[in-house]
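After this come two complexes, each holding chain A, first together with chain B and then together with chain C.
Our next item is the complex of A and B:
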């Protein structure tokens, strides 16, 4: 059994939670059982709140301060202080905050993070009637649930699907994007040759090997965990099909595992070394900066990951979810700010700044959001954004280690059967600690 | 038994021209060896310096040039405005000031506390000295990630600070204050170990003579022995300054206000989830690296001496 830095930190964090909670309890200021009331009138709000966010970095920060927070402060008189933390260190920041009992009033995390922190009692339950009124698609609400209740809400999405070079399709006489996994495999092989790889799926330009695996898993009709999150389904038939499909593509040369773009360099797809590629909506600013010709009308085509089992196509969903801390000393104000951030106007402003996708297409006309082909496509197909990571409260212990297991299979250090067994063992171990 | 020793005692001397040839050949060999060594050292230095050179060159590249495949080795257009842009993207002045304060405090406090501990372990005779030293060495092996939460809890529950009661509850303790940034880094077991190694090599006779002359124990430590380990003081100061300057995770965990954030946290603002402004990141990183490079260049003689003297090379 190996211990990563995250595991070590997580374990010591969990051990320290009790001590921290006990110390906080002696102060008597925080009560995690106070329900979140989203109907409090603005005039009844007072004090200040803090927001912990991994987004709004650099140039995006003034937009958050001046165009999102300032109108809220003006309306309610509540001061909002922002604690901006890199995504890579967000878990550490939250873990130490939990241990010390001084977590921010509002916490922004990613897909797959809600269940672990809801299970620990860190996130406050969000009233279902408020969520129903938002009109968000079920696909974007699913990652916000734990044991049938909501503990977070999507504020920004990062959607992933497939892109292709239309001229490469035309050169091979391919008129339509593939509509099944078999077709995808055939087209990828047909496009491979003359220095071009048919399908760039593993170069990391749109997520890790773990996320690439999860995306395909859903395409093959699988899910990561059972409905209750207490058992894994990764080792079942869809998991096997997923790994085998990737290995087969690597065997026939249509996926090249060694094809990696150096950091800061354009992806193989941007360099036209790959005919098709996994892309993320967040890639658009990079395309605009590095390869603006790819952003011209008709220069790139996009399509959803076809189903491998005759079902609907699939889109992968990542993103930023907002939660109210159950330990907040000013839950009413925190709830009011969460509502403010999820208003269509501010969803538009915030997502235009961060280059992400709002969780609903019902936002005021926004030129920056509309100018991105990838964002437009993502918004038009939100209902298919069902491929998500997580689903169990033990996912924080699983996510990083899963990367290594998937990569072990792709580099032939482990067979498909061994990989599936490793995945099951990893998940069982993490889930067993919950009971 | 008679033995002819003359043949052994009087080796034949080479004739003069043959001697000159051998000397020439030896000289040539030496010259060749030193040239080869020089070439090896130059190549090694370039390999070692390559990431820094690449960083510096990339800091003045145009972003479109960074994206070109293959990227030209030397920037075609020198884009110095990357630096001004980087400085305006985040309050680097505040970040640099904070890092400087943090690094200076770490250097001064580590020198003060570390030298006192090291001196005590090396020169004062008390029964628990070997055990304390062993414990110090063992502490070096504990990774930062294993101690971060306990230290965070201590900082957060510091009694009578940040609204905390005498029991350390009810407030935020040292969180988001200079105390939290500086105090946990004020002493490090590695620096104590380093100092102990320096003090061990100093002559105990001097201490005994000073004692006979009536110098106080504190006087012996400050005026007699510590001045003998100047390279050690500089080594520890430089290492502590470097650790304070490059500290990223701890300041990120214990601060929430922008006006307490440090330069390494500021640099991370150029990295976003899906995209990175490499030209600005490289400009920011170059700016952050300059003070350390300058310090090392100024003090490198003492630094190298210090490591050599402590036996850690």
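Our next item is the complex of A and C:
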């Protein structure tokens, strides 16, 4: 039998196309529209499941293993293996998992992630009657919905607001935190000088430039997307006001773009290089570890982001949401573990470890949570936690590119008008490709 | 030319050629050689077809589809290619690769040549110096990136800022300021790229005929003249090889960017492979990512062709 060059090339091409088609067909059967059966008695279940989480890093991990997972395994006999990944690598981890057919049974993601993955059929629907029984506030459930159904549930909230050094305020004769964006600008400028910036807003110690932009956008009365998630509102007047406000603060020196929080080191606010700062509830364990003096009574003050349009102040709501993969081979066990993690006792234990806020105040008394100024303040002001990311099923593509667009404006590579146009173009393109 | 005009020396081979059954035997020897050649080349050919040929064909096929990993691909015609031509970030990424190559490769090649010439001489500690220069190349890029993250630490505790602080500069946000980030990345690529280039130059230097230098000495050439008129021309094939491999490696840079900057800030360090990665695994646009990969392949083919034209290829090697 002889092969000509043409035969060989033809055979190779056909094999390649065949392999490609086979590869494209991988991923298993998606079954997102069949709600989870959470009424199953978990002691009747068996096997093993996997959990993909961006939380529980470093010292927090033993708490997850020993105080959250171990009691579940002891009670049910179900093994839970944990795959930990950084937040900024989570999206790729999920997508490569899908491509390779090795997606975790339970996936923990963030605010703004539920709609895109629900739209793609990756997350299984969670029955509404179970959710009603949890008694979670509507404000924390909104990011878990897609087209009226629930595909995730909040396991932790990461609330963001502003912190200040009271002694720096006192030194300038400032007695109260600002109550409007104009006042915030004035106070920031007044506190700037002698090696201190008035407002650490972009160092990354509490989120990216994108999240900082979104937070301010809500303060100026804006939202990211329309109610149905099918059109963007980023390019409207609140977006312009937000970008201009940030640029003005950099112009007067009260926000310094080059001031960065170096990995593993105290933030500029912790080092007292910034008088005020954007902070997240999850910063508290870092403060305790690196700058415990900042955790003493009265050492730091906190306040909500004032409104720029005369309305209520605003709090940014990030968080960790848990979903069951629609591709899971052991959905009942995965559903059982999700229920276990959302029990008040384990919500308290897990959030005490991560420094985040339980999605409900109905948890057993927990000293670590009560001792955190940031968590207490967040829980007390949960009703203002209206600033959230996402709101469209196309958000994962938008999210990736929005950082670069915002940074481009803040570094004067694009004007405010160009930036708004870029944002609109990015969102329109992503939304137009939704199936 | 006939044998009658130029009989040439009589050798055992010539005698065998002259034997009456020589054509038959020669044919059978050639057939056997060809068979063995095919057998020996088969593993490499199979490897190339399976792991290079097939993925390239699959990539080309997928580049004409809309594919999001989860749903089956749908034929999209030339839509992905049309998207690329209006994707400013993709072309900015190409530009960044071009800048890294345009600045980084000549500098690292020049330094590699200097090191090679210096370390080609018998000097004390020659072996240690060679290892030191080569070490960054064999160190895992992840480790290299982690080291440079520490060197570029934006606080006054970062090594680079400590050094600059001595002369009253800084601290500078090397990787977080868009005006500095790309230059900072280029510095790392230069540092990491010198080792392999030096090794190739060293090997090529061993092959330069010493008589050429003796002839140049007789003509009264000094060190610089010998370097530019003997060494550099004789290293042209090595230079071509280094240039091509460096260009290809440059356009395949991914891990360094992934760890150091993730393409930021403000996309100022985004490179083509990182953009392809983002498109496929962050935006779930696998069809488009494959089209970008095909464009990258075409860019590399053009660059290889141009390099051959400019440097003169391996002719004369």
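Simple rule for what comes next: the second predicted complex is superposed on the first by the 392 of 435 C-alpha atoms of A that agree within 3 Å, B and C clash if a C-alpha of one lies under 4 Å from a C-alpha of the other, contacts with A are read in each partner's own complex, and residues count from 1 in each chain.
Note that in this section a residue touches a chain if its C-beta (ideal position, glycine included) is under 8 Å from a C-beta of that chain, and two chains touch if they have at least 3 such contacts.
What you are looking at is a predicted structure, and each value in this text was computed from that prediction instead of being measured.
Enquirer: In the superposed model, does chain B or chain C contact more residues of chain A?
Expert: When the residues of chain A touched by each partner are counted, B comes out ahead.
Enquirer: Using the touch definition from the top, say if A:55 reaches chain B (first), chain C (second), both or neither.
Expert: First partner only, chain B.
Enquirer: Once the shared chain is lined up, is A:400 touching chain B (first), chain C (second), both, or neither of them?
Expert: After superposition on chain A, A:400 lies in contact with chain C alone.
Enquirer: Looking at A:86 after the superposition, I want to know if it touches chain B, chain C, both of them or none. Which is it: first, second, both, neither?
Expert: first
Enquirer: Tell me the contact category for A:340 with respect to chain B and chain C: first, second, both or neither.
Expert: neither
Enquirer: Applying the document's definition of touch, where does A:411 land relative to chain B and chain C: first, second, both, or neither?
Expert: Touch partner of A:411: chain C, not chain B.
Enquirer: State whether A:263 touches chain B only (first), chain C only (second), both chains, or neither.
Expert: A:263: touches chain B and chain C.
Enquirer: Which holds for A:95: it touches chain B only (first), chain C only (second), both, or neither?
Expert: Once the two structures are laid over each other on A, A:95 reaches both partners.
Enquirer: Contact-wise, after the overlay, does A:235 reach chain B, chain C, both or neither (first, second, both, neither)?
Expert: neither
Enquirer: Applying the document's definition of touch, where does A:331 land relative to chain B and chain C: first, second, both, or neither?
Expert: neither
Enquirer: Find the residues of chain A that appear in the contact set with chain B and again in the contact set with chain C.
Expert: Touching chain B and chain C on chain A: residues 12-13, 15-16, 19-20, 23-24, 27, 92, 95-96, 99, 263, 265.
Enquirer: Enumerate the contact residues on chain B facing chain A in the complex.
Expert: Its residues touching chain A are 63-64, 66-67, 69, 71, 89-90, 143, 145-146, 148-150, 152-153, 156-157, 165, 167-172, 175, 249, 252-253, 256-257, 268-278, 280.
Enquirer: Would you mind writing out the residues of chain A in touch with chain C in their complex?
Expert: 12-13, 15-17, 19-20, 23-25, 27, 30, 88, 91-92, 95-96, 98-99, 120-122, 257-258, 260, 262-263, 265, 396-397, 400-401, 403-404, 407-408, 410-411, 413, 433, 435
Enquirer: Which residues of chain C touch chain A in their complex?
Expert: 49, 53-58, 61-62, 66-73, 89, 149, 153-155, 157-158, 173, 176-179, 262-267, 270, 277-278, 280-285
Enquirer: Mind pulling up the chain A residues that touch chain B in the complex?
Expert: Result: residues 5, 8-9, 12-13, 15-16, 19-20, 23-24, 26-29, 50, 54-55, 57-61, 81, 83-87, 89, 92-93, 95-96, 99-102, 104, 158, 263-266, 271, 280, 282-283, 285-286, 289-291, 354-355 of chain A touch chain B.
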